[in-house]
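Sharing a structure here in structure tokens format.
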Amino acid sequence: MYSVAVVGATGVVGQQFLVALDNHPWFKVECLAASPRSAGKPYIEALKGSEGEVRWFCDEPIPEGFIDMEVEDSSDIDPSDFDLIFTAVESDVASKIEPRYAEETPVVSTASAFRYEEDIPILVPGVNDGHTRLIEIQRKRRGWRGFITPIPNCTTTGLVVTLKPLMDEFGLERVIMTSMQALSGAGRSPGVLALDIIDNIIPYIKGEEWKVEIESKKILGSIANDRIEPADFKISCTCTRVFVKDGHTEVVYASLKRRASIEEIKEAFISFGESVFKDSGLPSAPRRFIVCFDDPFRPQPRLDRDLYGGMAVAVGRIREDPALENGVKYILLSHNTRLGAAKGAVLVAELLVKEGIV
Amino acid sequence: MYSVAVVGATGVVGQQFLVALDNHPWFKVECLAASPRSAGKPYIEALKGSEGEVRWFCDEPIPEGFIDMEVEDSSDIDPSDFDLIFTAVESDVASKIEPRYAEETPVVSTASAFRYEEDIPILVPGVNDGHTRLIEIQRKRRGWRGFITPIPNCTTTGLVVTLKPLMDEFGLERVIMTSMQALSGAGRSPGVLALDIIDNIIPYIKGEEWKVEIESKKILGSIANDRIEPADFKISCTCTRVFVKDGHTEVVYASLKRRASIEEIKEAFISFGESVFKDSGLPSAPRRFIVCFDDPFRPQPRLDRDLYGGMAVAVGRIREDPALENGVKYILLSHNTRLGAAKGAVLVAELLVKEGIV
Amino acid sequence: MYSVAVVGATGVVGQQFLVALDNHPWFKVECLAASPRSAGKPYIEALKGSEGEVRWFCDEPIPEGFIDMEVEDSSDIDPSDFDLIFTAVESDVASKIEPRYAEETPVVSTASAFRYEEDIPILVPGVNDGHTRLIEIQRKRRGWRGFITPIPNCTTTGLVVTLKPLMDEFGLERVIMTSMQALSGAGRSPGVLALDIIDNIIPYIKGEEWKVEIESKKILGSIANDRIEPADFKISCTCTRVFVKDGHTEVVYASLKRRASIEEIKEAFISFGESVFKDSGLPSAPRRFIVCFDDPFRPQPRLDRDLYGGMAVAVGRIREDPALENGVKYILLSHNTRLGAAKGAVLVAELLVKEGIV
Amino acid sequence: MYSVAVVGATGVVGQQFLVALDNHPWFKVECLAASPRSAGKPYIEALKGSEGEVRWFCDEPIPEGFIDMEVEDSSDIDPSDFDLIFTAVESDVASKIEPRYAEETPVVSTASAFRYEEDIPILVPGVNDGHTRLIEIQRKRRGWRGFITPIPNCTTTGLVVTLKPLMDEFGLERVIMTSMQALSGAGRSPGVLALDIIDNIIPYIKGEEWKVEIESKKILGSIANDRIEPADFKISCTCTRVFVKDGHTEVVYASLKRRASIEEIKEAFISFGESVFKDSGLPSAPRRFIVCFDDPFRPQPRLDRDLYGGMAVAVGRIREDPALENGVKYILLSHNTRLGAAKGAVLVAELLVKEGIV
């Protein structure tokens, strides 16, 4: 068993980490860390709000084992006590504490603070496992015993999982993506007010489109000269917020490098989806990474976001696109707080363990 | 004053016609027609459901003058009694009664039954007024004293209003559009069940994408050899349903024939929007047909759908598109039950009167 | 194993029966019956809508074993082929087919058709098990080998579960209840339109208040002279519909026959809730029938409706009521499509088996 | 014209004041005051958020005349510059600044800070106009030239408007009320998160039930010995939050002192509602204070909250209550941000002017 710490354990994403790590066969959570305000309290007390209500936000109950565990101050923990540290903190905090941890210990992060640095890979298991090579470069360059590996923005994840087989089989020329994102993606501080989204759509999510465009090309890029060369397709996104609790829906239009029939494209999705984690042995990997629907009314967020524990990407409405050269269009759905957040980060850690990097 | 009949007057769109025509300076509603079930009843009685509740679905109250008006059977009315007939019936009914009416009298229709016939124009005032020339051709070919002019699908309207200035100023190569459509667009028979859309998106609207693609090219096309030559740009749509009462949001990506700066594009929108109905004298025309927002959080359906009485198209988030040649992307919002339905049809009728065709 | 049929198997409640009965330790579903339109088709085909989409409405997937089972015509099945028949049909259908079935076979019904007849008990296990005595009377009077036992309206169930310990411990004088009911309680034919409930409350549910008032007094009544003497408390309800998918919330004000402290009342709820199914051996019974919250923000439908598989009633905000003699007020939540429908009916069947009546 | 200041002018309620006071025939807004952060800025600039977006939250546009008006620091204004001050600030701020203002000038407040002091009336025009007598007592006791008159909590208002004719005509013994309150009642700081209310009800609003109970008895009380003697009926409330934008729905059960038929009760509501403001000349008073529905599906928040400019209380489902002596039950709807907030406060000011107190 690997000894791990969860930093930011009282927040929404931190709570999701605890659910994802409860009874994990490889990882044992030996430390819950958070801000000084929570430090020294039993976990359940640290969750309480001003009315005494327990501010626990997962659908699953609080795993028993953590309820009375004492929360530590994230500034005080000694990273060398752990084999691995999961961080679930805001970017400004991450930019301070993650390098300190990484001097000693591998850090798998949900924050964006280091995503865009050239020696730091954004790992999506099954999509760019080879980018783990960058870790050694990162360690050398920075003189760290550990390292930092962030996961992507939750909107990027589903997109690159579906683009990967298209790029490998047919080549990618252009990608246009419109997202309809779930409320949980905005978190709770401040989050989206009900007053603002009732009978409404919010057509803008600050910074989101840039992140998805940059991250997608980096994740699907290749390593050259000890750095990642972004993939060379063009990409354009529009990100919106809708009244859905969980599950980001993305409408994708892609121009391929070579003509492909709808049947070939479905086959590429299905075959990639079924083979990518086959015999991988990764505990959090879904049996199918992509699930294809023929029913044109699917995927739907409420019905399909939990497929394979929220770790699969659902794809439907695969059609020829009449406006783009060798065009295909489809709709994808991926669970932003499972595959797209803590559970996706645990999958990254599993890959790192399997590859002997942790 | 022109004497008009409203056929399908008890349905949702028919009700919107009554609101749009109440105290209209040019049109006087002299007949409310509906199915035999309603015929012979005072209008208010024809609206009542099985619990005695009044099934009136507009936000505005029932215009006083119609409350006690006796409803006639749409099969029995004599079209020659009226200068103009507005129809708000399902397509299968429209395909039977509209030709009968058109033998004698002009028909402005919200149904799709005749939209795709080559001698029938789909009119959007301000966008393709010249297509009224097709009416004379239609009359001759069919031997009618009247004619049929359908309005487009409610999702097409906002799109063509914004594409028109782009096409005129810069030329259009490709258009990709993702819609997030309001519940009222699905009507009430059967409409969208709350159980299906709560915490959800429905990723498919039967027939909608085809309609928007075909209609947009027809409306923006030109007349040649006594028929409409569709505009030659490529277009691809994905239409979805979201939890919004009124107002269709559309995310548009366009590849232009020549490069244009964001400032030029905004200028094209604003200048078209402000000039198109200037001095037109059409009572239902908005002062601005396009309203541009700089605030990236706009347009929002609940906040902006009622601009200029629901007759303006709101546009925001105008940006360069990095994936398309000479690409621009933007978000538009148009009111599907005002500009996109009855009130839009009344505007068509006003244009026909002004041009001396009615 | 008891051989059972599910009649109305393609409808929403019928589907819930299949989920509730999948791998049931006592009951084996040997017949799926529905209307003639579905008869002769494999179950999965009978579920398909006009677009080919599978109209399956449970959160759980379709149990494998039923997918290819041939659907039979509910008018044609021979009731004597089964030990027990579950019916999930509309009341008008129930009033015809249930007596025919009951001539031969016990019928557990979710319909209201026979609820108000004096020799027919409305069973809620744990609350009025003694009312099973009425079954023998029913059989004799009607000359049936089988019998009919309907479950109550889904809004009644949670109410009587909480009133039972109050009545037993302190006596009940008056009950006032306001419900905020979930969308799934209205079913799908026609169900609640999203257009009607968006940004809204519907303050009336036809027939509901009368049902809850009558059923509650019958269920909590006693048997005298071979019929049920309704309990003698006064009861008044107001039933409304709100934008919640599942889980009926009920605000209850009760006047007790003797003064009780909040602590005594909590103790009555908890003690009843924990003991009532203890060692009962009923497979669908919850470990706790009532779960009490101290956190004033609970129960909440989305968070608490699935407690103990949706078979527990959640209670919170227990306070003294300043307006009633010996008054107490509280809020309860119960799952209308689990405890309140098919799964509750399965629990009834389990009780009947255990008592040797089936 | 009376010169007025609006304090807290940049907040949600302050904005509603500006809409309510725009072009008011009696009041001229000569000062917009807010916190030091806003002071010195043009109003439109003070509204801007960190993205440059204008944080204006009314459905109506910003009244032209206020857009460029300079905002003043609420601590710096000289109350003697105005005939009347409207305050729309949080209670902790109100408790500091309102007494300072009241030394010189009448204050009409939406805050709860002073509502429960014995020399301070909570005025609801049409319901307790006679309580203005307390103002003179307040002035004397406190040595103020001005005074403070708070309006009630927004949930109290609709309740007391409907209880008034019942109490006057039939006497009131007990009142039990369950509310389903709108999101706008929670404001925006922090307000209700969409994540918390989606597919959900929140069964608790801190402090609300106590406020409604105390305020209702105070407002309906009588003056004796220079203080208000609360009305002597018993009252019990449960307040919940639902997914509705505006409009509080309240389910009321009342036990009257003498038996009354449903017709008598309707008559009492209608006659009070039509007569109370007749010939009052108050510009913001609705023509009917109570609107009664026979249709059992009404009132509904989205359909009926805006009756008479949001200043009327809609009542429906008036029925006998079988659980209470001389019982009646009904459902009411009142607009929490119009009658229940700023516009209601303006009506109070109008009454004070008419009575010569301001």
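First chain written, first letter: the chains are A, B, C and D, and each begins at residue 1.
Convention: a residue touches a chain if its C-beta (ideal position, glycine included) is under 8 Å from a C-beta of that chain, and two chains touch if they have at least 3 such contacts.
Predicted model, so just to flag it, every value in this text is computed and none were measured.
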- request: Could you quickly compare A-C and B-C and let me know which has more C-beta contacts?
  value: B-C
Task: State the chain with the largest centre-to-centre distance from subunit D, centres being mean CA positions.
output: A
Task: Averaged over CA atoms, how far is the centre of subunit A from the centre of subunit C? Could you give it in whole Å?
output: 41
Field: CA centroid of subunit B to CA centroid of subunit C, Å
entry: 47
Message: Where in subunit B do residues touch at least two different other chains?
response: 51, 198-199, 206, 243, 245, 296-297
Statement: As the complex stands, subunit C meets subunit D at residues 174-176, 178, 180, 198-204, 206, 213, 234-236, 238, 240, 242-245, 249, 251, 253, 296-303, 316-317, 321-324, 327, 329, 331
- prompt: Residues of subunit D touching subunit B in their complex?
  reply: 51-54, 198-199, 295-297
- request: Please name which positions on subunit D make contact with subunit A in the complex.
  value: 51, 57, 183-184, 188, 190-199, 206, 243, 245
